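Each of the next two complexes has chain A plus one more chain, namely chain B in the first and chain C in the second.
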Partner chain A sequence: MTMGTRPPDTLPREAVAELLLDLADDEFVIGFWDSEWTGIAPMLEEDVATSSISQDEIGHARALYEMLASLTGDDADRIAFGREPEDYRHAALLNHPRTDWAFTVARRYLYETADAVRLEALARSSYEPLARLVAKMRREERYHLMHLDAWLTRLAEGGADARGRLAAALEHLWADAQAVFTPPGHEAALLEAGVLPEPMAALRRRWAGEVGERVQSLGLPPLDPTVGAPTDGRTRRTDGFRWLHGEFTMVARSDPGATW
Partner chain B sequence: MVAAGDPRDAVVWAALDEVPDPEIPTISVVELGVIRGFAFEPMVAGGERLAVELLPTFVGCPAIDVMLQTVGERLRALDVADEVSVELSFAEPWTSDRISAEGREKLRAGGFAPPHLVEIATASAPFGGELAMLDVASCPYCGSRNTTLDNPFGPTLCRAIYHCEDCHQPFEQFKAV
Partner chain C sequence: MSARVGRDRVWEVFRQETEGDPFVHAGNVRAPDEELATHYAREFFGRRQESHRLWIVDRAAIVELRDPDLLKPPFDRSFKRPGGYVIRHKLEAAKARATAGGQQREPAAEDAPR
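On to the complex of A and B.
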């Protein structure tokens, strides 16, 4: 898989590479977490749905890793499977183990909505390979949003236990969800080049406003609108993630350098 | 990108139309609309390359590698250029509207409801216009529109699962994207 297009010389390559890694790691890690539900989701239809959504996300990660690899002369499989846990750059929201179904729905709802706001902006990126891939990804992500909004509604209206678990998970995850919008280290360069059309802080405010309204419309407890993005939002790693890393690198580690 | 009037073009299109989709083999890659185009390009070292652009139906479709390979093999067998390259392209998003009329009929005959034509209402709708994606699927067995969506996700990334309330058959729809 190659993207083909050679970036112009004015491209802040290091900054673009960092942005691509953030995006790819988010998709990769949530894809692996939720693939853990395959076979044990609350119902058969959901087994199929959550597996399909996870496959989409890992596919998006693959395309992003390929784009990154062609930009930096690296290898996509090495980037995906050949790093230590501390070198991953996914948002802190994605450190948490999948826990129970309400937790998974809360986490994925927060992630999908944040990703939608981010992708809407990146579809306007001056970096054409990214803008094109994002245009394609957004068509698939629509189904994820629709599905997760349906689950959010179902749990919110599903009686005291479901509602309580959902509300607790949303509150627990809210601060770490802000980390999806942790500004990349070279954000100014990305903004100046138009690679990132809007600052992450502006995207985060838009997302928090939309999610806040949706949560309010379901009569769930309000989420604190003043919470900001944590400074270690993309560098903090946990034992939960170290366990997942051990799982998803197991095959690659068993035969380093193998091709299949 | 197809050069007008090259007599080899028709031969290439005909050969591509013989390559089946790996997951739904009743339909060809041409009918599926994944061939964006092709061109005969001069190579630096001399000779000519037939370069094909292939649009993935879904970014994470695991059949992509098989598609690239089978398209390449079929075209190399034609012997119309010194080299053949088949590249994955995101130059424009593949949408289910690219499936041809013949392709839609073949899907139906194969037991798959074809996707409805998508008018993408993305700009104004929250989080990307998701409601534009859902419509009633017609049962490929009895033609009834009295059907219900069981699951927008199915056995492959590109399929949704429906149930016909009239003939009581479960069936799959090629998803609208």
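On to the complex of A and C.
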């Protein structure tokens, strides 16, 4: 699929491509991790909801990979399934296996809130195809956030076991969550062109403030707002992710180049 | 979640396909409260863009009537049905007039029972 709009000559193509890959890999990997709940979520209704939301994320990833492919003359499926684990650029937050339900809720909460701040900024991007796509994505992400906040509240206000697991997971994931805002390689060029309307560091501070307030309102232990985004936040890979990569590339590897 | 299951409620979901359509019973979901019931109803009956609007009703709020004495009384009730008025011969006459008059439509509507 092609995007219709030809990017202007002044567009820092390489920088935009990097940004799109960061965004796409985040959505792709969280979509695959949480789809691991299909069949075993806490209750049937939640099973369907989690699986459906995971599909939404993979749908967003597909749209982003297609935009990237049209920009670089590549193929969206090849980008999605044809790379080695070390070439993925998702945030370190998404390296972790799904673990238990509280861990999944904690991770999703940190990711969805960070993504919401990032998408709010990108909806103002000077790169119009991206601004338009982000506007569409935000309409679905709004529901994801509502669904997620419902679970965050229930676990925080549930019994000691649920609350303890949630608090431990939030604390465990907090440092890696900052990596959603690890600046892309050519951030200065993106800022200058208005593709990225605000520096990642500013977005990160805004997000950390919002999360801090929510965590406090639920009476959960505070999270350190001074932890910054790690420089290797989008390049660090783990065995957990290598396992997931093996799962999600299995079909594509079985018959490379197949069409369906 | 076993502790939670006992506190779950059943919510009946009605969906409207497009504006103006009647709401039709779609099925039900189980959820502990209104908020999650809404999310689950949306996933089960709206995620494929098949619904214009949903009504999510706590089953406990539904007033059920199933008393056969009230709903299926033993006496002949045929006079309460439109079928109690025999209009077959009127319809046949109207059709005959329509055929005789070619494409012209007969204003036979006032013969039909209300």
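What we mean here is this: the second predicted complex is superposed on the first by the 259 of 260 C-alpha atoms of A that agree within 3 Å, B and C clash if a C-alpha of one lies under 4 Å from a C-alpha of the other, contacts with A are read in each partner's own complex, and residues count from 1 in each chain.
Assume a contact is a pair of C-beta atoms (placed from the backbone, for glycine too) under 8 Å apart; a residue touches a chain by one contact, two chains touch by 3 or more.
The model shown is predicted, which means the values in this text are computed figures rather than measured ones.
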Superposition on chain A - do chain B and chain C clash or fit: clash
Comparison of chain B and chain C by chain A residues contacted: B
Touching partner for A:H60 - first (chain B), second (chain C), both, neither: first
First, second, both or neither for A:K136, with chain B first and chain C second: first
First (chain B), second (chain C), both or neither touched by A:H147: both
Chain B versus chain C as contact partner of A:E210, first or second or both or neither: first
Touched partner set for A:P42, first chain B, second chain C, both or neither: second
Chain C clash site on chain B (candidates 27-35, 81-89, 99-107 or 117-125): 99-107
Doubly contacted residues of chain A, that is, touched by chain B and again by chain C: 45, 48-49, 52, 143, 146-147
Chain A residues within the chain B interface of the complex: 1-4, 45, 48-49, 51-53, 55-60, 62-63, 112-113, 116-117, 119-120, 129, 132-133, 135-143, 145-147, 149, 210
Residues of chain B that touch chain A when the two form their complex: 56, 58-62, 64, 87-95, 120, 122, 126-131, 133-134, 150-155, 157, 161, 175, 177
Touch list for chain A against partner chain C, complex: 42-46, 48-49, 52, 143, 146-147, 150, 154, 159
For the chain C and chain A complex, residues of the former touching the latter: 1, 3-5, 8, 29-32, 35-36, 39-40, 42-44, 47
